[in-house]
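Each chain carries a letter (A, B, C and D) given by its place in the written order, and its residues are counted from 1.
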Amino acid sequence: MKIGFLGLGNMGAPMALNLLKAGHQLTVFDLADTAVASLAEAGATPVDGPRAMAGSDVELIVTMLPAAAHVRAVYLGEAGLLANVGKGVMLADCSTIDPHTAREVAAAAARQGNPMVDAPVSGGTGGAQAGTLTFMVGGSEADFAAIRPVLEKMGRNIVHCGGAGNGQVAKVANNMLLGISMIGAAEAMALGVSLGMDAKVLAGIISTSSGRCWSIDTYNPYPGVLDAAPASRGYTGGFGTDLMLKDLGLATEAAKMARQPVLLGAAAQQIYQAFSMQGHGGLDFSAVIKLYTKAAG
Amino acid sequence: MKIGFLGLGNMGAPMALNLLKAGHQLTVFDLADTAVASLAEAGATPVDGPRAMAGSDVELIVTMLPAAAHVRAVYLGEAGLLANVGKGVMLADCSTIDPHTAREVAAAAARQGNPMVDAPVSGGTGGAQAGTLTFMVGGSEADFAAIRPVLEKMGRNIVHCGGAGNGQVAKVANNMLLGISMIGAAEAMALGVSLGMDAKVLAGIISTSSGRCWSIDTYNPYPGVLDAAPASRGYTGGFGTDLMLKDLGLATEAAKMARQPVLLGAAAQQIYQAFSMQGHGGLDFSAVIKLYTKAAG
Amino acid sequence: MKIGFLGLGNMGAPMALNLLKAGHQLTVFDLADTAVASLAEAGATPVDGPRAMAGSDVELIVTMLPAAAHVRAVYLGEAGLLANVGKGVMLADCSTIDPHTAREVAAAAARQGNPMVDAPVSGGTGGAQAGTLTFMVGGSEADFAAIRPVLEKMGRNIVHCGGAGNGQVAKVANNMLLGISMIGAAEAMALGVSLGMDAKVLAGIISTSSGRCWSIDTYNPYPGVLDAAPASRGYTGGFGTDLMLKDLGLATEAAKMARQPVLLGAAAQQIYQAFSMQGHGGLDFSAVIKLYTKAAG
Amino acid sequence: MKIGFLGLGNMGAPMALNLLKAGHQLTVFDLADTAVASLAEAGATPVDGPRAMAGSDVELIVTMLPAAAHVRAVYLGEAGLLANVGKGVMLADCSTIDPHTAREVAAAAARQGNPMVDAPVSGGTGGAQAGTLTFMVGGSEADFAAIRPVLEKMGRNIVHCGGAGNGQVAKVANNMLLGISMIGAAEAMALGVSLGMDAKVLAGIISTSSGRCWSIDTYNPYPGVLDAAPASRGYTGGFGTDLMLKDLGLATEAAKMARQPVLLGAAAQQIYQAFSMQGHGGLDFSAVIKLYTKAAG
């Protein structure tokens, strides 16, 4: 299958490379010339923008963009994909954006006969490189079935979440809970240690009790508890605090539109924001435990 | 081993029964005559108070009391256990209280030569009856080893958490995180459903993602997601909101004494308090999702 | 001065009437025909949209619209004001919107030679009718001086807040603090009364102490404390909970864009949202005390 | 009137001096010898403890102690005031403690025929020296009338709050609202400035709008807005963050006992706790704005 790939950043570039490795013909575009050059060297064909990509003979276009404003411009602009793409070409947007915009773009695509799914990912740049991403996909059964084989070249876990926009809903709900759990884990670990417990013993007990969660048993924020966690390497790598902030911003914005309260979700957003203001936005989000303990600093 | 058991409430009575079933001679006391009568019928020997129990020929006394004030009175009062017990008799307090009081009582016991552990439990009345409780035990290695065989008659998972008071620390830290996670799970489920997702699909996705936690995969608060969860039987049974409130009160109090911030822990306490004020204190704590959705009501 | 007035809702209509009463020639437009008819009856000249209004011989156009999306459409659309207005015509937007959009529109106006201020109001529909509104005005000294006399026909307190957008900043900051203070006042009153104090005595003491604030001494949320407050007439009239929610949404959104934490501001937004979900969005925002007390219900 | 004064700390010592200056015979005690020596030099008669003070021929005993535990010991201990004082001697406890303990002690005093009021103060060490404190008094009308003339020697504003304990309730409710308002003021000021407003202009606008409060118009947390505020002298002097933390601890504890939610009160407590953990517990509580802005640091 001939595929177009638009958006070759830290996530998009390795994803596109995995499609090349899987044998697909690839047409690519990014505003950054060096990103395009790097893919071209690996065998992809550059084009000079969304209009040109839409006009090439691709069967599927995958996009991986920073935010909803870019998605709107690339899909809905005059020189964008929908205004220039042939009927029947499939579209998959892997950007993490708000469900509302995702549904608006998908509806526009549907009106002119282009199957479209929203397919945000989790797994980070490591997962993008290894081809082990999780894709949360919103769209019809038929569109999901058609696009799934391509997503499987880039990920290991391809989940159908329901109709258009539901991929974004699943991601936003999961990541809001993750953001809350991590702060909860940080508070529980910091409290336990300050009251005299050994951090590893405490993590072990909670891991087999009702407080069990990914933020305790897989990504513990306390230094030295888990060798593989960012906490044990100075909170480098991993999922940056400012990226978590972006996702919590999407969650609270979606909640506002749905007139749905999210008391802890909003509190978590503000706590990460306060932490980021202190200069730590580039650290892994589990570093938020620094707000709770001098020892972990 | 001859054992004394003091405190025969909803938890204490079935725990004492399991010790009887295991063949121990049991001396019992409770302020409620009917509770004592019921154990006596099953073969236990009643005494008329802590002083009498301390004066009988027991080798170990187990206590299961509602709050720290009762523990202080029973252990430290003039007619209490420590003032009247023989040197060497072992003590195990299974009450859930603050770590500070637990350490104060344990230190008093140690000074007069009585080995003591704090051993709060999780698992609820169901676990107490089935003998499948988890015991979180604080005390020396030697005392833990000596008392463990008795605890194994009442529970399945006996965890050594470190020195005196650490059983309480572990429980308080775990339950604070549980209280936070459950509200986080409620917010994520309610938000996802209000944005158009199917509750079971959403729960399934989060269960295999980074938002995974016991409150999602084992005790999901959304009705109909898990057949065995209280949410699927009108939030009856389970762990009452007012019991969660008590544990969060212990957590924030311990945090205050340790000068340790717990922003989400304190927020969770207040949210359950607001929910309890609306008349729902007797419902399982996962019913807190009612604050977030009309559908779940 | 010949004035155009666009947006004749609950606030806009009485404001426009006050300009008529002051002797101004008025050209008006609203999507609702009845609103236009009512103003026409009072002496205003209807036009059929922003383009027509921009094309008439007005010297100043005042707009009063529900949200930023409407402001964008009316000012920046192809058939909107800026595309069709003559150079030099002054513009005053009295809508409450985010500072970012206000500045974007003001900059576009400035580029084509139209003096513009943002001038959101406080004082409610009562103040609009009585002509006693407060206007918080953002724009240059010269533009403020030029437009001020017209605003004085509609309000009593005309405050210059600095450059373009600062009117919106002042309103958003004030109303966020108001939203927080009201909940704080509700918690303090409910706590004091539940601990045995008389509500009027408590309000009197706080009114002369360091907890003093408008939400205690002028708009007390406890029923019966102040005869003139909405609390003493079933929380009818006043400033609706859903309007406070809109303003807190603007505040947290502006904070997000400025990367500025607002922990209590975000908490307040969520508390009003939870209250609104329980069916009280139409009540005065001081009714939020119902979350804290059965007696006040 | 012959008066006993027990507790000669930063607040008690200048209060006692004002009673001396007003011509009262004064008997004094404190655990710190230097504090006693200083008062003795000024004309007071030292005694060696509560028992001795109760046994001297005083007509009124005033106490000013750090916390409820000291009040319990001084009043209820075997060597304490109640066990040794003659019937009819009046008692006034000016300590800031929880209402529950205040009522328990007052009830014990009443049972043995000693009139007692709780009379916590506000106004700080400056007010104590100048004799301009506010006293919030709980007790019967008769006891209030009898003790008021003495309190007027130490303060300017003597407020009767109702029956026993209500002085503490008023203080706890006022200070909880103050703690919330100050953080709200800090968030509003920091947000407004980060969005481009001048701090003085913003403070001026809010001071005449619905966000008006003592924390804005009298004690503004932004440096340079009010010359007399701690913010304009590096947050020295004033009311320390750790003292605000103590009062918020009393408020949330009282709320817990009353089963009353205080969502923002608890959030405020945690925010000051986080700020204190960063090493700022000794700064005036308005320094909490440092959590919200680099400029204010």
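Going forward, a contact is a pair of C-beta atoms (placed from the backbone, for glycine too) under 8 Å apart; a residue touches a chain by one contact, two chains touch by 3 or more.
These figures come from a predicted structure and were not determined experimentally.
Shared contacts of subunit C and subunit D, meaning chains that touch the two of them, come down to A, B. Of the two chain pairs considered here, A-D and B-D, the higher C-beta contact count falls to B-D. Distance from the centre of subunit C peaks at B, each centre being the average of the chain's Cα atoms.
Chain centres here are Cα means. That of subunit B falls 38 Å from that of subunit D. Taking the mean of the C-alpha atoms as each chain's centre, subunit A and subunit B sit 39 Å apart.
Spacing of subunit A relative to subunit D, judged by their CA centroids, is 51 angstrom.
Shown for subunit B are the residues in touch with two or more other chains, namely 255, 260-263, 267, 271, 274, 277, 291-292. Residues of subunit A that touch subunit B in their complex: 99, 122, 134, 136, 157, 159, 161-163, 165-166, 169-170, 172-178, 180-181, 183-185, 187-192, 194-198, 201-202, 205-206, 208-216, 218-219, 251, 254-255, 258, 260-265, 267-268, 271, 291-293.
Against subunit A, the residues of subunit D that register as touching in their complex are 267, 274, 277, 291-292, 294. Those residues of subunit B that touch subunit D in the shared complex are 249, 252-253, 255-256, 259-263, 266-267, 269-271, 273-274, 276-277.
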